[in-house]
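Letters A, B, C and D mark the chains in the order given here, with residues in each chain numbered from 1 onward.
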Amino acid sequence: MGIISGKEFLDRLDQLKNELWFDGKKIEGNISEHPAFKGILETKSSLYDLQTSDGLIDEMTCFLPEKKERIGLSYLQPKTKEDLKRRRRMIEHWARHTHGMMGRSPDYMNTVIMSFASSAPLLHDRENCFPEHIQSLYDQAMKHDLSFTHTFITPQVNRSQMNITTSENPISAKIVDRNDKGIVIKGARLLATQGGLTDEILVLSAPRFYFEEDEAFAFSIPSNTQGVKFICRESFVLGESAFDHPLGSRYEEMDSVVVFDDVLVPWDRVFFYGDAETANGFLAASSFNAFSYHQVITRQIVKTEFLLGVSQLLVDTINVSEYQHIQEKLSEIVTGLETLKALLEKSEHDAMLDGCGYMRPSLIPLQIASTVFPKIYPRFTEIIQLIGASGIMTIPTESAFDSEIKEDLDHYLQGTGINGKDRVKLFRLAWDLTMSPFGTRQTQYERFFYGDPVRLASRLYQCYPKEKYVKAVQEFLHVKNDSSI
Amino acid sequence: MGIISGKEFLDRLDQLKNELWFDGKKIEGNISEHPAFKGILETKSSLYDLQTSDGLIDEMTCFLPEKKERIGLSYLQPKTKEDLKRRRRMIEHWARHTHGMMGRSPDYMNTVIMSFASSAPLLHDRENCFPEHIQSLYDQAMKHDLSFTHTFITPQVNRSQMNITTSENPISAKIVDRNDKGIVIKGARLLATQGGLTDEILVLSAPRFYFEEDEAFAFSIPSNTQGVKFICRESFVLGESAFDHPLGSRYEEMDSVVVFDDVLVPWDRVFFYGDAETANGFLAASSFNAFSYHQVITRQIVKTEFLLGVSQLLVDTINVSEYQHIQEKLSEIVTGLETLKALLEKSEHDAMLDGCGYMRPSLIPLQIASTVFPKIYPRFTEIIQLIGASGIMTIPTESAFDSEIKEDLDHYLQGTGINGKDRVKLFRLAWDLTMSPFGTRQTQYERFFYGDPVRLASRLYQCYPKEKYVKAVQEFLHVKNDSSI
Amino acid sequence: MGIISGKEFLDRLDQLKNELWFDGKKIEGNISEHPAFKGILETKSSLYDLQTSDGLIDEMTCFLPEKKERIGLSYLQPKTKEDLKRRRRMIEHWARHTHGMMGRSPDYMNTVIMSFASSAPLLHDRENCFPEHIQSLYDQAMKHDLSFTHTFITPQVNRSQMNITTSENPISAKIVDRNDKGIVIKGARLLATQGGLTDEILVLSAPRFYFEEDEAFAFSIPSNTQGVKFICRESFVLGESAFDHPLGSRYEEMDSVVVFDDVLVPWDRVFFYGDAETANGFLAASSFNAFSYHQVITRQIVKTEFLLGVSQLLVDTINVSEYQHIQEKLSEIVTGLETLKALLEKSEHDAMLDGCGYMRPSLIPLQIASTVFPKIYPRFTEIIQLIGASGIMTIPTESAFDSEIKEDLDHYLQGTGINGKDRVKLFRLAWDLTMSPFGTRQTQYERFFYGDPVRLASRLYQCYPKEKYVKAVQEFLHVKNDSSI
Amino acid sequence: MGIISGKEFLDRLDQLKNELWFDGKKIEGNISEHPAFKGILETKSSLYDLQTSDGLIDEMTCFLPEKKERIGLSYLQPKTKEDLKRRRRMIEHWARHTHGMMGRSPDYMNTVIMSFASSAPLLHDRENCFPEHIQSLYDQAMKHDLSFTHTFITPQVNRSQMNITTSENPISAKIVDRNDKGIVIKGARLLATQGGLTDEILVLSAPRFYFEEDEAFAFSIPSNTQGVKFICRESFVLGESAFDHPLGSRYEEMDSVVVFDDVLVPWDRVFFYGDAETANGFLAASSFNAFSYHQVITRQIVKTEFLLGVSQLLVDTINVSEYQHIQEKLSEIVTGLETLKALLEKSEHDAMLDGCGYMRPSLIPLQIASTVFPKIYPRFTEIIQLIGASGIMTIPTESAFDSEIKEDLDHYLQGTGINGKDRVKLFRLAWDLTMSPFGTRQTQYERFFYGDPVRLASRLYQCYPKEKYVKAVQEFLHVKNDSSI
């Protein structure tokens, strides 16, 4: 088949009957009809339909050599810079459709799977590693246009560097048994966005300071595998009205804790296990960072464009463009936007073929963007609040505009060249973007997307090639590398 | 009577039948039972009861000379520095009861009314000014322990400096008629916190660049005066569970637009009218700023203490106190807290008797605090989010902890020395404080409490006495004031 | 001739006998031997020699079609993107030779002259405009490898927006007469870097709010024109020792006030005059910004690389790379460096042919870089001071290291793997870069290079195309451009 | 005698013949006549004279009970809050005389000696501790009005936490022998401000992570003790003209490395030795921090007042007070100034008698001020540069104003209501304050006065009492201290 329609996506998901716990209850019936998930699944469904829409099919899909069926372009393994640009356009289309608000649009995880497959050869001949299972998952995913969630991090029980937990009753998911059918996993993992709303769940141990061997593994299994539970947080869908909650009603993705109750992962689903070195090394050596950052930053640029549009529309609506401090705030957003664009383009221009034959975007510019965005995004949401001022609190609901006080509201809440209803619509958007549970979760999501900001900076420092600059200074000073007496 | 109980407060309010519009419907029945207002009114009721509670009655109330009934200490006109300190202790008690979360606890408006009365003599012998009506309102308020809301600002239609609106159908509330009974008001006013939830509404025209005479006035009328409508925004009470929404369920105050439909304000309720000069000058010359800032900053200190407690408890719970950047963040909060305290105390130490015989706190230190707090409060909420990280998204509901997955949650979500339920309770508080609609509204409220931050800085610059420092430099340089050739 | 040697440059300058006032005295004798100018002129001389050095001649010079003589590549009018990249490489060579410390290396002004010539056609058929004089100056400059200074701004007497000075005795240079030989200029101009150290001085009225016609003009004249005086500030060359003042002894460029005492500017040197509209419009419409920003940002990148090298060498020398806050600070510099590079490259990738047939770098990315650099450069100098700490104050002189206490110094001031002398050499460089009069003047220079930072932000806001982003939001909300009732 | 005159100070110093190395030469002859030290010594001399000047003698000096001679008030051990205020006024007088520019005015070290004596009883009955020697030094110092420098820190060879140096040939000063006459010290110490310009040098080992016993000691010896060498950095006196270098010519204090060449410290000069626990504990337990911070912050407030004066005079001179961003910048300085004042006053109001019977200012507010000032002072110098803009580069010398171009300069460099000479005088002051070697050294000095800013924040966090705030949150949540399952 290759590419699925929105309806196929929903039907398949409804049939999976994943074990999803919401507000103390196990979800029964079709998940696509549940108030907490309806909006996001509808939006996701529309994304699948976008792939095959008339105008976009050629930019969203492609044919693999010697294959007759189209596949989603997010699965394409790029071999040229032009491939990279095609990937970017595809990502932009999906991101524009959701204004960059869906962190886990299908292209994100498809890109991750693609990057794993592209780097699977790195695992050849390593003990307890099964690169062929990665390739096989990639083939299946592409063929069936599978959807994924993932979980990389462990529960936040104790973040001290000195903390090493060993427990009979594990908290962090670990291998508690292995047998001829596969490995058995028990424990929990954080924080699966769209957990339970996808066909598959990819589980991987992210690098860390100290590792028990039993906590080092990677695999992907169907979301409805026996013993897998997704436990949701409170829902941030506050209502169905697109006037009242223009973003939350459409894009709230949900996050969940994943619990593994002695889950059997069949051998043919295991990528590697019991190998801390691989767990610590594979992500860094693979094209995972390069390709996933390329997807993420493309989406974040689209999101920044949306914030710029909202900011400027607020400025117009209350007519404050003459103020210098307003101009400075807007120019901050403009500066952020153009900086991200320049970095993304540089990563494409400087792309190089990696050892496996794929065209990897240059990582440094993407890393820079990934340290910049978590700082500027929260600031941009603050700018919107600073522009909106009291207006962002003056937000009656849609019902009020449909009631007998409608005329009062249209009159008294009007803006510059705009009636009260449209003005409130805009300010509600500004609120939903920056101050609603949906909006603040977006801020937190972007802030921590790439991990702890402090560590990001350390990592950038450590991997950046500084030697030639040091050497130039040493030459200028006629100082040698080791001049000690 | 002098002091009312919580029950008296609720009963009186229920009987008023103020015209309150919520979600397109006019409130019918007892407002104290309405889901959107129940929580805040219960909290407010408990504040009234606090006044007469055993341990606090002597710190919360006092006797006026030659009177037999106790009055609330928030009505006390201070004549000594000791009076100021008594006022501070009273404010602290109320603020601690609500952790500084209730911007409009009764002492705020009582203080405003007290400050107006204390400066009423400034209006003697000015045309169209009625200082005796202020005094009379103050007497009534004290006697009946009246509750108030106020509205000082105009709708945000067009904030350009050049904008001067004149319209047949006014947007901003103005005098459209005056007759032998009083003045008639038509138009709207922003943004009455607790609008409709109080006995009275105080309306005053705040100073501005350009004034129509008809927009310059001040008065107070009962909230249920014919033609007064309060139109609410969306409610930020997300539910009744104190586990799920520990702050929103108790402290959500609501903001409303006030519409005046040809409202007759009787003469004996008018403080002044039709006088732009008075509107521009009275607030600044009166003790309004000194006394109200004294109340507000006391409350903000209590709030900052609460944030410090939450931050440190988060740090303990995930055991991150060893990290330098965590220590820096916490020391930022400590620095803010101690700075505010030092400024507040300085305002008391430097207090002086004003022309009307009342002990005014020194304004400069309070003004400094008022430019500092709107910057540090949002930063402190950001610090909480930065500490909380993914934990602040891992927030299942109370129902989940009462269901069959309770044990999973208690185990997998445990913190350092704390079970899952208590840990989630804490993180939900962190979320409600900084990321829920309640929390972000608090941030916006504090950010704009004293007005536009940019203008606050300008005003501070302009009123600060800089001459002696300039002169010292001129003397050092032997440069004269005017040395031009 | 086309390209001059360093010696030719010095000889020609010595012969000009420009009227230069330094410390109350008129310079007599060869300027190239004066202690205040010797260092910079020697460095400049070495830059001219670099043009024809063996390894670089092909990257530093080129042939014009049908010409036999080489010209400096800084004069090349780019017609392709490859031309732009050649220009960049040439700029990099010169900048590396001086570590980006010479703001007015010859390529800067050569680029300005080239940009004027490239846009001269815009002045065709405008009254009082002489595009042919620009072309002619460009031809002469190229032919003789002339050196230039310029002055665009007026004395800082009164910066109020309301200030309009008219005076018998002008302060700001203006046309006081025009006759058949030319225009006569009287008054002063700020702040000519290397004023008096060049063959020519280019004078142009930068756009401003209010213009007298008599203050609107542009011309270039020889620096030794009768009546032109250059009045120097204090010199920041603190001594000749390259150990003690590694930067100041080589790169101190001097700034001067230019006084015009009824200076006759011959007609064939006038570009335009008496035309406020042209003065306000030409710079913006021409390729001046695009080409000069391209030069400046290339140099600033080289400078940033130097700062990164110094920072990292400091870190190595006192062995502090393990500290998280050190890593964060260095990663800030890395982020700045890569951001500038990405923006510069984007400006080249997005370059387009302008109306006159030349390949203009895209202006927006360059403008972004020009708002970013003035903020990050001072911060980077602060980072160097923060890393250096007390070491940056522990700076004995070269003489001390040549005296009998040499061994004490080498021992007690040693660093990690480096003896005292080399360590102090490095810290003296850090001091000269950020804390000496030379260093702080560099900071101020970069901070204001592109003009007042506040206005830069306003200008960026105003010229940035925001419409499409606003429109996308309007479409999302189904809000129209003008929905007022 | 008790109090010395300026002349006595200079004569005594000239006679000491301290071994001072400057620019590779040992100072011979009277140090008070040496160009590098003349200015500062003259200023210091004027400070001593100030003690006995007519108007101030009663505020600068006092009588001890049962003594007939006056002593300097900086030696007074405060026993009441009024004593503290007297001390503050005395500090202000000296600080005002030097505009806060002399970090080591006599009162600083006198206060240190006084604090040591006041806490000497803490060392009673501890091994290798001699509290009586501290008392004796204090008595001598008071009696002879001795001047001091001190050195607390070790050379910056390797700042890694892991670094532990042991060496035959010590770098950091340590005890290499002890005999019946005293202890013998070899090695170096950083960075003695005014080293060699005082009667005595106080040496103390500041607390640190890892200590060799041999590096833990405290003593005071005459500066001219055999084997003590002071090695100066480059001088920042750039010339004698007070027009050209208004601050450097008067207040440049010099910093020096102190080398101990087998220096014998007589037993009666040793306070303690060979005791890491005491070295780590005494400073913290003593009143050293409380009293010395009280002195320092008083001086820093006076300095901030001076910066405010300079800033406002710049604003007036170029008439830019109408700009919002200028107003914001000035209000930043105002906010800093008032914050420091409030904290200082709080430390006095909250003062308490310590275990030794002296009135200690409350430490927390002083600690807060000490984390605030190192951040705001550099920012305020930046603000001055931002206001000064190009003017701060337009600084001809005094000679130029005495030459034949004087009239040009007076005319063309005039400001708003000020002639060129006075205007340049002011801008030269702004330059000397923020951009000259003197000025930038001041910035670095204030930035690191209290130690590494990162560690300051950590220390503040660690010592601040947070428990009650944590407990309030726990009570609000009904969460216990240890709820783990």
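Here, a residue touches a chain if its C-beta (ideal position, glycine included) is under 8 Å from a C-beta of that chain, and two chains touch if they have at least 3 such contacts.
Everything numeric in this text was worked out from a predicted model, so none of it was measured.
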item	value
Partner chains shared by chain B and chain C (touch criterion as defined above)	A, D
Centroid comparison with chain D (C-alpha atoms), farthest chain	A
Averaged-CA centre spacing for the pair chain D and chain A, given as whole angstrom	52
Cα-centroid distance, chain B relative to chain D, in whole angstrom	43
Rounded Å distance, chain C centre to chain D centre (Cα mean)	40
Where chain B touches two or more other chains, by residue	324-325, 411, 414, 454
Interface residues, chain C side, partner chain A - complex	96, 99, 246, 305-306, 308-310, 312-313, 316, 324, 327-328, 330-332, 334-335, 338-339, 341-343, 345-346, 349, 364-365, 368, 371-372, 410-411, 414, 417-422, 425-426, 429, 454, 457-458, 460-462, 464, 466, 469-474, 476-477, 479-485
Sites on chain A touched by chain D in the complex	324-325
Chain C residues within the chain D interface of the complex	21, 23-25, 153, 155-163, 169, 171, 187-188, 190-191, 229, 231-234, 238, 244, 255, 257, 259, 318-320, 322-323, 325, 378, 382, 385-386, 389-397, 399-403, 405, 408-409, 411-416, 434-437, 439-441, 443-445, 447-448, 452-454
